[in-house]
């Protein structure tokens, strides 16, 4: 299982969470990436943890003030990126161009979508992974795998229909090892999580509990 | 072949073009829809021509000032709508919701996209038709079927991969009967056109020439 | 006092509300405009009521699929338009261009904003009127003139600072004659309202009650 | 004169330009800030140069994936930020919220706008500075101070009308010391420039030429 911890714009210490994630990865062999704010990429990557961006812009080098250039993201140490998170939705043509921009810069891509139909849609754009996250469950603490397990199995089926090699992650409300296990049983090959770790009093303990069943 | 004439925001007389289209439809049996500005839908529909919207908003009834409500569009006489035209690109989740809104209001849907990958993506959302329009050819007078025929055949293949029942239209640069014929030979079941008719000195003559080979 | 009734995307009968507004205008001399969906402009204007658009696009004639062209809006019978309603926020440069587009088409303009600072900002763009609407009060039934009267007086002061000839309207939560009176006492020269009329069982009665104190 | 060098998404070495700027600042006393990609803020700030962001999001700490959080920007070493650059235009309400976010994080703000009317508008939002940049001149090498000097003087007048303490910068096409001098003579208290330095073969030489007349 791939684990991506999205720090969003939370008031956490990104280096503390990154260090915890690196240690838990080393101790358990779990694959954990941290996705901080762009401005924190450099310091997060310097901890040695796998580092992801939360977003990259659908642009190439040029006159794009205020963009999040994939190449700059990679130079700061990122090796992957989320695209089209429900808190940063993109136009379809821009998802396509952002996937291309990320690939050009050597970043792995995980394109998010709300429901199984949209998972089919983004799978057609050739990303490395897709992630289904029902927006109404984000931040609730109720995992998608429990609240609406059919969304995960339908998303896996929808992705398979379009491109049977693209892994499906799931997100929204995931925080415990049990959530991870049930996501895996529903066919997910990874999870996105955020507040469960980023807002934990002890991020390392939260990550250890998360990966315990692996 | 389905023909959709998109009047965009051109300074043409929408009733004149609509009347010409209705007459050519009646005389030749060709299927021609006119897509005017929202504010012109009522008068265009009153000519008896098949009337389409250029866009509908991804919303239901409610507090949505300045939206283009699918139900209002249908009440004014539209029976179909374009969605995600390259001049009115939508977020992926909004394309999904706009298709749903249009279906709820009884409107046929044709979702546009730039290239074959994106055609696969929009086909996954269950529209009635999809349309490939390379933005760089729009308004050029050079038809996509001549400038880049592979885009059309690849789009047809991409749509078929995802949903083999969804017809593919093509657009950009189409204005003559020859363009229509070559689009059909490449597998397209319809065409979108705009300036070739909307800006013609004699829209009726332009439409007659267009449908002559059918 | 100018009264603009914004029908948003509510499931009301726009012609019924328009007819009621025209009758109440005629009977009382009150100035009441109805702002329906674009697709309903034609039928609303045909009732003889003063008709406004809810939005116009910041464009001129041209290749703008899915736009709301000011000229088309005027041709359908509108004589004014809201711009930058909090449910249809625009980029600053687009507010500027939309005001220009509306003026070119002979439409009166009322540019909305959330708070006094933003009222100062939009007053600098030269509209015919500005309207302050705190988004948190929209649709609540609690009038801005009661919930936060300082917003209205501060907005009037902010507009005056920048251009002392531009009238300030207020909106959000307004539904009764008492609300209208207190808006006027705070310095507003008009009101925007929506659900109070559009969702009323008897729109004519709602409008009569509204204008009674005038 | 304040000088802000916007590196946009140009393929330059941000540390090289930053080092050159710091050296020229030290040697000449000129005030030069470098605005790199977010992901480069940390390394640019570590050179000791004054560091600015190209954009900050109109958000507070919270669930805002893919945002550019003002606090993270400041933690990486930025002390100021551009807002509403013509390549990253914001909704009016978002300019207001971004100025507030930047102030909360202790960042200086310079809000950009296209023309004198819009300069008046953004001055009403209380930023530390405003910058007029006619988009059609960006990247042309023809300085606004030569192509259209009235834009600068009118912008200075428009800002003064609204808030006579807010300094006006100007940008677009500026690259030489002569451009800087004429901007100053027209009333500008700072300049934004980009390609003239970022794309120079020798950024240090370009900066030295720029500040020579100061």
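Each chain carries a letter (A, B, C and D) given by its place in the written order, and its residues are counted from 1.
Simple rule for what comes next: a residue touches a chain if its C-beta (ideal position, glycine included) is under 8 Å from a C-beta of that chain, and two chains touch if they have at least 3 such contacts.
Only a predicted model underlies this, so the values are computations on that prediction, with no experimental measurement involved.
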| remark: Touching both subunit B and subunit C we find none
| request: Averaging each chain's C-alpha atoms to get its centre, pick out the one most distant from subunit D. | output: B
| note | Between the Cα centroids of subunit A and subunit C the separation in whole angstrom comes to 43
| For subunit A paired with subunit D, centre-to-centre distance based on mean C-alpha positions, whole Å | 33
| remark: Distance in whole angstrom between the CA centres of subunit A and subunit B is 36
| message | Can you list every residue of subunit D that touches 2 or more other chains, as numbers and ranges? | response | 86
| request: Draw the chains as points, connect those that touch, then say whether the picture is a line, ring, star, complete or other. | output: ring
| field | Chains that touch, pairwise | value | A-B, A-D, B-C, C-D
| field | subunit A residues touching subunit D - in the complex, by the definition given at the top | value | 6, 8-11, 36-43, 53-55, 57, 59-69, 71-73, 75-76, 78, 82, 85-88, 138-139, 194-195
| query | In their complex, what parts of subunit A are in touch with subunit B? | reply | 84, 86, 89-96, 113-115, 117-118, 120-126, 158, 161-162
